[in-house]
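Pasting the structures here.
What follows is a pair of complexes built around chain A, which joins chain B in one and chain C in the other.
Our next item is the complex of A and B:
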């Protein structure tokens, strides 16, 4: 009763806060705009363009020196309020834009017209056959003022017939709704896109066949712009590779008619690269890690004992299973909300395997409600194998692992219900958890269960730490699966991870020291060490 | 059924009906006022039924729970069928089926038969003889994701972390005299920024030591590990407080629904 009163008091306080927290609207800023006519500003100088490095193509980078009259330059007129980046578009590119719009229109109109045209056709046939009841039509008819359902049917049907004929005419006129029309429009569009690079190459600004098109804007003081087009041909931002592109930058003022264009820069071509040199350090890391893993896996296979320090949370699993057996209560194993491909879920399968094996040996009940159907399928395989390994295949029941729902909080509600009604002695939460972690762990604590949790979701670990008896933090979850599984591949990869961490420490210390030395001695080349570890996007 | 349960149930039903009628009457200016009144009252009833779990498990919570689970399972299944199979797969495979489901056809690509085959193999679980075939798509899912994540994680969780740990110990250093004469505890002051960099460096190293599993945590190594777990726990504490505040805002949202949309106590 006291608990209920506390809850009610809290709700009342929160409501009071919500009621009284209604303030006045903020005052409106009424800054005046200077509309005085401005003189043409000095142009941007030194405009250069180049293909963006280490990308899939379709992007150009421009650099320039700002106008002397830039707003950020106190010694100039400060009339340049922005830079407008213009690209030369040949006439053919505008034709491609038109074809793209037509293709989009046909695509978007195709489905509704296909649905509604047969309805209109059949309604017209019925009207021609003498149908008089407007409410029998397969759609609602909006009648004009003065005409209602009680009026003469002939007059009403005359109006409806005319409206349907007009609708049908509009549909037919808008697009060709033949079966292959979408394909025809698409092939025409793609053929035009294919010829786009040649059109750009043959029709530069000097040809006069085209116009300047705005592709972006930059703030005063800017010296760089990346024209990142789309690689998708159907996108309006599509930028072709291997096409001669020309750019200019306009220094724009508060008056849209007053601006100064820079010299034209070009031709420049966008192209993609097969190898991203900005990620060489990642390649080196992959090679080192792979070598370490292979070496340690081989050592484990040859029988070399690889030490892994004990983890309190995992040591507690066996005790918890024993406790459940003594109490005659079930064990609840929650795999979280992750997919079967998430690393945390994969680690959880290994731990589930161990738990299921022990459960089978002790003949205790196991409950595994799952969120994801694929996870359920894998978990069923894992539990089945564990019962087989324990020599008790007959005790395995398909209902041990079952699917609940793929809605996050509905799943939580169901698992909470299991906790309170079946009162499991032990709750194990291993895998990927999100906002439901505290709700699950709190309910388990209320039900008086021993709780062991493990997740690599950093934001959820605090909730498990406060509400569970044992928590595996982050990477301990992966280590636990290797520790329990004892398989050479898992142990070897765990060892490789440890050595990678040692390498990390060495690099971090070296980086820290080089920065200190660079500051102390003035040898700034030492600070370049950090650049080796910078990864391109 | 016990007499007390019957009385409580009757009370709730009467309250529900009264609320429905009063809400419907208050919405008389809108379209379908009694339908809107029923929906608002039902939503409020379900909210209170879920809140009743704070007291203890009870039939109202069970009703809300089963309704929620059943409706969501059906909803997600329907959504999966229409959004994935009908909208994304069928237009790329068959004009006939696309016309049947009234979705626009797209250019056919026979690569899309691959997920169809893998999906059908998954369903082989239902067969006793061919159940083993369902392991192939599972192996495919787990294998390809592990391969993709390997490079991605190494990049984001290893290499980028290394470079982020390279922080300078000395910031804007102009000698000891300058340091002490301009000493400040301001958040953007020299001392605090240098201290922050030291904490980052020491915290990362000690945290890594805690997660080193190949050596027993004793001696100097154990001390560093303990510092690591302290830093982790302080971080978790801050994260806990931050997230709890987020949850309170969710509760306020629900209470606003009850007191504004349902009871009309908040204007």
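Our next item is the complex of A and C:
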């Protein structure tokens, strides 16, 4: 009873609150309504524009000093609520906009007309020949109220005929449907676009032939704007390269009519660069790494012994295959959810090749369920080749590698089913894995299989570490493919990888120490050290 | 020749895409090349479907172990293919979208496949619990550190963890459990992750160089010997 009373009271309280909330109209906060006239604010100063560095062109960067009356400036009138970025557009640019719209319209109307006009024409012929079945038409005909499918067929077909004729007339009235008309519109538009830089260069704001156009807005306190236009001529945001562009920034207030324009900045031209200097450090790293790789591969080819750190997970592969052979149970190899173009999947193919070769030698059963049809095709080729290399082409069976599904959890269900029904002695997971990693690995652990995993998906590594016997962490997956083969050339690239890693560690420690020293000594040049390693977008 | 042509294509395209990274003028080249991959992928769906049919029909015809599951797979495949291709039950007929909820395809997709997928996904919660139980057993020093760190993070993400150390003076705020949890995540954990990421980056570059230079060619069904 007490409980019921509490529930009733709570409900009453909630209902009452809602009712009272509905009943009381909100009071109008008159303090927010500004009834006074806004005074024109102080203008933006120091407006400068320049081409954006390291891009493909079509972008300008503007910087300025905010208005004294900026909302963020407590000492000013705080009336500037936003900055409107304006660009001067010559009359020719507006003509190009109109031509673009017309070309778009012609292009978008041409395709449906091309498809539907023959259908409408054939339907009209059928109706004229006496067809009375509406459902036989290649269209869904929407009948207006008052006309039913059960009405007299002749009357209804009369309506349908009229409707089709009207639709066709409306379609063709909008645009000339000949293919040539699209070409004409396109060539007119492209010719106009080509002349745009000249139009911009000849008609600046002082010429009066044009108008200011808003290209964006910024919030109070902003000092920077990037006018990133499109390089596609058909885009409404197209911004021509090598054209004289003029900008101004309006300090806008709450009253749309009250704003103050800055001084005009320009001319400024956008242009693309062939080399992105912001990525020089990456280029240097790639060159060093390539040189290291080539040097070590050459050394390996000349027969030099290269020591490569042992990988427990890879050394366990042979033992695991041996175990499966002794137990007479299969080996399950999972390539993950990656596409054939993923580097992790390519590394997995290499490991699969070695595993398949050893499996063929030991005459053990191999199961490779795949998620992606392309991965399946490549894996089939890899396994077939390995059986051939092992001298047992007759043992290769096309059912070893098979396609399951491209649905993530359906794939997991299928692979888990294989694990629990066939109880493989060893499960190998190599490649790209996502949320399914733990479901697979835990099911394998429950089935009592030895498990070896390797992935470059950082979020999944802990799951594999917990549930598998051996895990290849991150780059060990790529190293494994070289390590397993034991071929000198591949080991050479692995050696280069280790040296590059050492170089990275040296750079990281040097950067760390330099920044600490910069803080301690106040030396500006030391603080700049990290700038050498900054990479542009 | 059979191997040389693909290797030449790989070398040419790989080098071109490396150059495109450093040249803004060609920065969209990667996206444009991915269209080629998409075109090939379309044909690969036929391969996938064909393989599925072949494998399961063989299994059924030879009455291999668990052949009943193959019947279920094939029935599901054929029904969905039929429902999707012919837009069975679509209000708008053949011109309507295949994912329309009122269609047979939509109905099976939303009422059967989605709940089944959710069920599989929800298993993750139980597997996380069983995996955590194994991982957090303090068998050795590393496992003990893992257990302590996990315990602090678990506590730090709960109101109880906040309450436990809320009495601490501001000068010792770093020792408060929620702050300790944040520190573990942002410092040792992130440092470890970044180390792995650097290794992965180098591994990817190394593997890519091996592929571009033709040293690694297993993906062609050739181990280079």
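FYI, the second predicted complex is superposed on the first by the 461 of 537 C-alpha atoms of A that agree within 3 Å, B and C clash if a C-alpha of one lies under 4 Å from a C-alpha of the other, contacts with A are read in each partner's own complex, and residues count from 1 in each chain.
Quick note on the criterion: a contact is a pair of C-beta atoms (placed from the backbone, for glycine too) under 8 Å apart; a residue touches a chain by one contact, two chains touch by 3 or more.
None of these values were measured; they are calculated from a predicted model.
Chemist: Classify the contacts of A:479 with the two partner chains as first (chain B alone), second (chain C alone), both, or neither.
Modeler: Both: A:479 reaches chain B and chain C.
Chemist: Give one of first, second, both or neither to describe whether A:350 is in contact with chain B, with chain C, with both, or with none.
Modeler: Touch partner of A:350: chain C, not chain B.
Chemist: Could you tell me if A:406 is touching chain B, chain C, both of them or neither one (first, second, both, neither)?
Modeler: The answer is both, since A:406 touches chain B and chain C.
Chemist: Looking at A:512, would you say it contacts chain B, chain C, both, or neither? Reply first, second, both or neither.
Modeler: Once the two structures are laid over each other on A, A:512 reaches chain B alone.
Chemist: Touch check for A:384: first (chain B), second (chain C), both, or neither?
Modeler: The second partner, chain C, only.
Chemist: For A:257, select first, second, both or neither according to whether it touches chain B, chain C, the two together, or no partner.
Modeler: A:257 contacts neither chain B nor chain C.
Chemist: According to the stated criteria, A:463 is in contact with first (chain B), second (chain C), both, or neither; which is it?
Modeler: both
Chemist: Under the contact rule defined above, give the chain A residues that sit at the interface with chain B and also at the interface with chain C.
Modeler: Correct list for chain A: 279, 282, 286, 289, 339-341, 343, 346, 374, 377-378, 381, 404, 406-407, 409-410, 413, 417, 421, 438, 458, 461, 463, 465-466, 473-476, 479, 494, 500-501, 504.
Chemist: Across the complex, what residues on chain B touch chain A?
Modeler: Residues 50-51, 53-55, 57, 62, 64-65, 68-69, 71-73, 75-76, 95, 99, 102-105, 107, 122, 125, 134-135, 138, 141-142, 144-146, 149-151, 153-155, 158-163, 165-170, 173, 201, 204-205, 208-209, 211-217, 232-233, 236-237, 239-240, 243, 247-248, 251-252, 255-256, 259, 265-267.
Chemist: Give the list of chain A residues in touch with chain B in this complex.
Modeler: My answer: residues 3-4, 7, 11, 14-15, 17-19, 22, 107, 110-111, 114-115, 179, 182-183, 186, 279, 281-282, 285-286, 289, 306-309, 339-343, 346, 374, 377-378, 381, 404-407, 409-411, 413-414, 416-417, 420-421, 438, 458-459, 461-463, 465-466, 473-476, 479, 483, 494-495, 498, 500-502, 504-505, 507-509, 511-512, 514-516, 519-520, 529-530, 533-535.
Chemist: So in the complex, which bits of chain C are touching chain A?
Modeler: Spelled out, the residues of chain C in touch with chain A are 18, 21-25, 27, 37, 40-41, 44-45, 47-48, 51-52, 54-55, 58, 65-66, 69, 92-93, 95, 113, 116-117, 120-121, 123-124, 127-128, 130-132, 134-135, 193, 196-200, 202-211, 213, 215-216, 218-225.
Chemist: Using the touch definition up top, name the residues of chain A that touch chain C in the complex.
Modeler: Residues in contact with chain C: 54-57, 140, 272-276, 279, 282-283, 286, 289-290, 293-294, 297, 339-341, 343, 346-347, 349-350, 353, 372-374, 376-378, 381-382, 384-386, 389, 398-399, 402-404, 406-410, 412-413, 417, 421, 435, 438-439, 441-443, 456, 458, 461, 463, 465-467, 473-479, 481-482, 485, 487, 489-490, 493-494, 496-497, 500-501, 504.
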